[in-house]
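Quick one: structure below, then a few questions.
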Amino acid sequence: MGSVLNLMNHMETTDLLNQFLAIRNRSEELCANLLTEDYVVQPAEFVSPPKWHLGHTTWFFETFLLQQKPGYTLFDPQYNFVFNSYYESVGARVIRTDRGNLSRPSVADVYAYRKHVDVCMFDWLDQWSAQEPLRDLLLLGLQHEQQHQELLLTDIKYILGHNPLFPPYDLAYKEKEDFSGSASAFIHVQEGLYEIGFTGEGFCYDNEQGRHQVWLNGFDMAAQLVTNAEYLEFIEAGGYRDFTHWHAEGWDWVRKEGIQAPLYWHEIEGKWMTYTLGGLRHLDPNSLLCHVSFYEAAAFASWKGMRLPTEQEWEVAAGIFDWGRRWEWTNSAYLPYPGFRKAEGAIGEYNGKFMVNQMVLRGASDATPAGHSRMTYRNFFHASTRWQYTGIRLVK
Amino acid sequence: MGSVLNLMNHMETTDLLNQFLAIRNRSEELCANLLTEDYVVQPAEFVSPPKWHLGHTTWFFETFLLQQKPGYTLFDPQYNFVFNSYYESVGARVIRTDRGNLSRPSVADVYAYRKHVDVCMFDWLDQWSAQEPLRDLLLLGLQHEQQHQELLLTDIKYILGHNPLFPPYDLAYKEKEDFSGSASAFIHVQEGLYEIGFTGEGFCYDNEQGRHQVWLNGFDMAAQLVTNAEYLEFIEAGGYRDFTHWHAEGWDWVRKEGIQAPLYWHEIEGKWMTYTLGGLRHLDPNSLLCHVSFYEAAAFASWKGMRLPTEQEWEVAAGIFDWGRRWEWTNSAYLPYPGFRKAEGAIGEYNGKFMVNQMVLRGASDATPAGHSRMTYRNFFHASTRWQYTGIRLVK
Amino acid sequence: MGSVLNLMNHMETTDLLNQFLAIRNRSEELCANLLTEDYVVQPAEFVSPPKWHLGHTTWFFETFLLQQKPGYTLFDPQYNFVFNSYYESVGARVIRTDRGNLSRPSVADVYAYRKHVDVCMFDWLDQWSAQEPLRDLLLLGLQHEQQHQELLLTDIKYILGHNPLFPPYDLAYKEKEDFSGSASAFIHVQEGLYEIGFTGEGFCYDNEQGRHQVWLNGFDMAAQLVTNAEYLEFIEAGGYRDFTHWHAEGWDWVRKEGIQAPLYWHEIEGKWMTYTLGGLRHLDPNSLLCHVSFYEAAAFASWKGMRLPTEQEWEVAAGIFDWGRRWEWTNSAYLPYPGFRKAEGAIGEYNGKFMVNQMVLRGASDATPAGHSRMTYRNFFHASTRWQYTGIRLVK
Amino acid sequence: MGSVLNLMNHMETTDLLNQFLAIRNRSEELCANLLTEDYVVQPAEFVSPPKWHLGHTTWFFETFLLQQKPGYTLFDPQYNFVFNSYYESVGARVIRTDRGNLSRPSVADVYAYRKHVDVCMFDWLDQWSAQEPLRDLLLLGLQHEQQHQELLLTDIKYILGHNPLFPPYDLAYKEKEDFSGSASAFIHVQEGLYEIGFTGEGFCYDNEQGRHQVWLNGFDMAAQLVTNAEYLEFIEAGGYRDFTHWHAEGWDWVRKEGIQAPLYWHEIEGKWMTYTLGGLRHLDPNSLLCHVSFYEAAAFASWKGMRLPTEQEWEVAAGIFDWGRRWEWTNSAYLPYPGFRKAEGAIGEYNGKFMVNQMVLRGASDATPAGHSRMTYRNFFHASTRWQYTGIRLVK
């Protein structure tokens, strides 16, 4: 496991129990406003039904931990088939696009499954010593559930935001992040040898490990993320109708999908509206732009005569500016750090198998659970992805 | 309307009210065993979520009747968009494949919608005289709801029967129909001029009207439908691996879809099982075969050295044998009877627009509401359809 | 073979030899204007490269006749794989869409193959007696080649007519057929029992056999086919933008394919042009409409308040009007006549396996080889087909 | 143009003329063995018909150079539509998949076009001074034609190698490269700061420019490429049936495409054969492996417990080992070097627009024109590409 995550040996058992409970409860709190029907549907291949997220994160604890507990019996042997995701080594997987067709197990069944696993885990954790080697797997399971909490919220947004009735998730929800800086401020970083990758104590993923040196040329990085108003200029200047600033593949995507604006933007009777978790609202020009793909981010940057940062530039500069309000597209492909090796067994599938044709995002978003991200965290998605809270930081 | 349905002027208002209530209640009874989740999903393009059936049949009464009632206000103006089906003249339709993505309106909303429409209809019906011209539309709405009751049940079977947990709809449900005749009995019909098409009083669809003469050669029609045992012989003789008896298009379907047996048949550890509304059960060789496509029906008939009946032959012979236990594929394409004309307006879309590339089925099934079918009734589906209760009657 | 074709026992051997030579030469004459490159391409799945037609018709004689000749050796054993079409019983077929990818066998190879087979056939035919049982297969092979001559010409039109340079096939070619009758003339046919199907001597296909009685209601059939001018009215009245008159499936086709006019019609700088085998020309309003699908034919008829004839009506009336200038869509599905049985073996695949989801066309066209059609001839294509010379005759 | 290519001012005009003639002739020599039919077909979307390559390279000179020559008239104004490729700024492009449907312009037309452009260019070049600013564009055009020569040969291989007759391109052609080193030899490179990117005189592409420093950890790189024998061990060990060593996307590719061996490998009666430009031959275990995708290269490396080099590691080590026998997959995504900027105008589309979802290959192959590659050359293809001569070099 040493190559998958960084050890965190000194946490007290009580702290561990509290953290387990807090994170498990948080997933259910995120669903408190849902109707049963909202848990079931899958309006796009990349979206998972909420009940699947609740089941899958539970399956992780049952499969990788509880199955090692003496005397444990599976809640339902068929759940491995239903709630497995991409862990090929654990059994045949459900075809991802089929998730939205399964009315059973019911939402009530899934909550019963969660309760069963939580009770079994809780009883077991109570007996663990501080040196228990399973702690690392437990921490990975909690990080995994936090990752799914972000997906859960963005999938819920997609499910409700693609319903013709535009039902709000929570009328009081406020996504807006007012812009409060100088749009023209750029931070200069000098050329030199820098260190990249995780260091210190606490949890990290295997893909952040292997701290290593990189040589960077000097660069200027924007202190602020791009706002809706800046992006509207791009739209109004015909940015979606002129191939000049697009990658060839991005331009194909624009034409094939008929893309004309960021996801959730609707021009209704001449006014720009946007669907938020609080419902359909007027677009605030001063808010930070989000829900753009890498293709859109790169085209916008090119149109501005600038570029996106590399993930190394971002990590070096992140100590200076205020990050964490939106996932930020970098111009770095998701590739292994020097010395990266996949772990043995099913856990080894966690990150390495995705290291082709994905772009790195750095930062965090409103939807990221508190404490889940860090300056060395490497998020990654395909260049066409837009349903996450993804924004743009420019470099010149 | 004269061309769409046959008038039925003499029904008493009280009878009409009772029939309205009985049919409306029946749709809800069919769903009594469902979980909320079961109402929502759409595992195939040709399946509709149960809540859509409940909403769509209600929308029919609201759109074609209540909107003519003075002072009526729509339950929700957006429901026309959600619950319309193929009635192009009434407004933009939801793309059919999207039905399974909509978590809202909720199941509770749909039941509230039904209640609202039922109350408004009931109040209104009470005031109708026996000569009320809207009666024909009402009767069409009731027939329409009965048609959807059959689809509702077969769609529920598809939803539960394609779930990896194979949940039963009703453990006590018995689909089996024991075979109780002589397999070798054939009924001879002599050549001559016969009359085809609806006659008499009571309701009929526009596609049955225009009673007309046809000349038929003599033929021998099986008194019984084909059984599972007979079809198993075809499978064991390699019927699905030899193109000889298949239509070219049917053979492409077999190969592309990997078809090896009727729908819902599973060979598990060397035994044939079949999913029924009562759950997964051993295949009964003496039961009547069902869930075969036209392609399978035609290939089986060819392998037996026989053929399927035409719909005219079927209608002429139906007075002699015992029909109504399974929809029976005929070798007739669904085409207009002499003198057929589409009605004006939205109602005109009901039947005529489907008169290309569909095959006629005659009879009825367990899932057909009592009294909904008749000897002149023309059901029709595409040749690849198998999720209805479709069986085979041979002619030689 | 009795069920596949009608015997034609009394043709002299000399006549047979002359007919063989004439038909074989005709295929090559049709290609005289082609460049080598034109023989190779396949711009749509339903089009075959000209060299494939030349090879496939030759393969028919080699496979079904010459292989029965003592001492015959195959020209190239691999050609069965390349030039077989849908005859499943003769060997694995090339996937139809792949035909346009094969640069070899070359055009020169195909002509050498033709020459080889022609010489072997000619030598052999010379020895046949008038009672030779192979004569029926020979006649079928010649009819088969004539069928392919029509496809060859319409495929060539498609290949050249979809090239951005619009090269003419033959500048002198004149497709135009001036209209010279009264548009309002309708012929009345009285109700009664009629006989349908082939009778007499000479060749016919199995699908025309089984002459049988049908009862027809009285009808009025147009003496003339629809002209371009009449169809332009339909276009100008918004016929392609209003679903009212379309089959549901036809309307989906219009929208998905973006259909706005018959095939080969181009509106260029406000004028209607049409690609003909003589090159791109101004549309002649008085010419007979062609290159419409069944969907378009049916929608046009409905818009006129009329309908298409059934194939039985057409056959009964054809003795009265002047037919043979365009294939005419009927509203009859392609189904077996009473008593139809597929022949044994590969020849049995000739017609019967296509008897689902196709519509019957009656008549003939400019591209039909002289003498190849007759009043009882049943041509058939899928409802979306337009690259044949297909027109409309109305019934009221 | 300074950002697109490196200036090469001192070449004498005579040398330029000779180089122009030599490269233009070379393209035609490569086609000397083709039949007319071979020039026309496009058996896969990523393959272009040979006549298109001949026309497109000619179109480049006509469009970017001759159109600046006073008094020049286009050979055929429609050729811009036919022979443009992805240069969006020059006009509407032919949909790439359509290239194989165009029988015209004929092969003879394309050769006439080449002759016309060559004569006009030659006359014009003769008048150029050594300082002529168009020289850079000319050099780019020549490099462009050389790139297409490699594609031309690999496309021809694909066309002939996917024909069921397996016609040889040239019976005397010898692709085999015997292995003549020690398989276990690895070259060690020490950690440190290195310089990457083009330096010196002569031509280079914009994507190689911007020489810059990189910090590399120490590594050991194989002195030899992987052989067929080594790869056969992977196949025999079940490498294509076990997901463990594959990227998730690579594994999907293996299953969806049914991949079981490198491209052009056929297991015939228990023996491995491979299609080469000399025809179908027995696989030589000692030859260098080629025609593998990045997915296969990465899976093989993982199975060996090693990895692929980064492009920086490759460039640093390339001075030591003997490179140039196969394009070698690196584990680097194709991304801009520091300071990269797209050139203005159509030429700016040359490289930068492809910088997403492609992997870098380094080296050269048999098919690479002499002198066309260099140690800093960055070739790039999508991870699934296999029809180029692509091989594997391991790093541990």
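Chains here go by letter, A, B, C and D, matching the order in which they are written, and residues are numbered from 1 within each.
Heads up, the rule we're going with is that contacts are C-beta pairs under 8 Å (C-beta built on N, C-alpha and C of every residue); 3 or more make two chains touch, one makes a residue touch a chain.
From a predicted model like this one, the values you see are computed outputs, not experimental measurements.
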item	value
Chain labels contacting chain C and also chain D	none
Chain at maximum distance from chain D, centres defined as averaged CA atoms	B
Whole-Å gap separating chain B and chain C, where each centre is the average of the chain's CA atoms	37
Centre-of-Cα separation between chain D and chain B, whole angstrom	58
Centroid distance [mean C-alpha coordinates] between chain B and chain A, Å	46
Junction residues of chain B, two or more chains touched	none
Overall pattern in which the protein chains touch one another (line/ring/star/complete/other)	ring
Contact set on chain A toward chain B in their complex	35-43, 78, 81-82, 94, 98, 100-107, 159-160, 162-165, 167
Contact footprint of chain D on chain A as seen in their complex	86, 88-89, 193, 212-215, 217, 243-244, 246-251, 294-295, 298, 302, 307, 331-333, 335-336, 338-339, 342, 349, 353-357, 359, 383
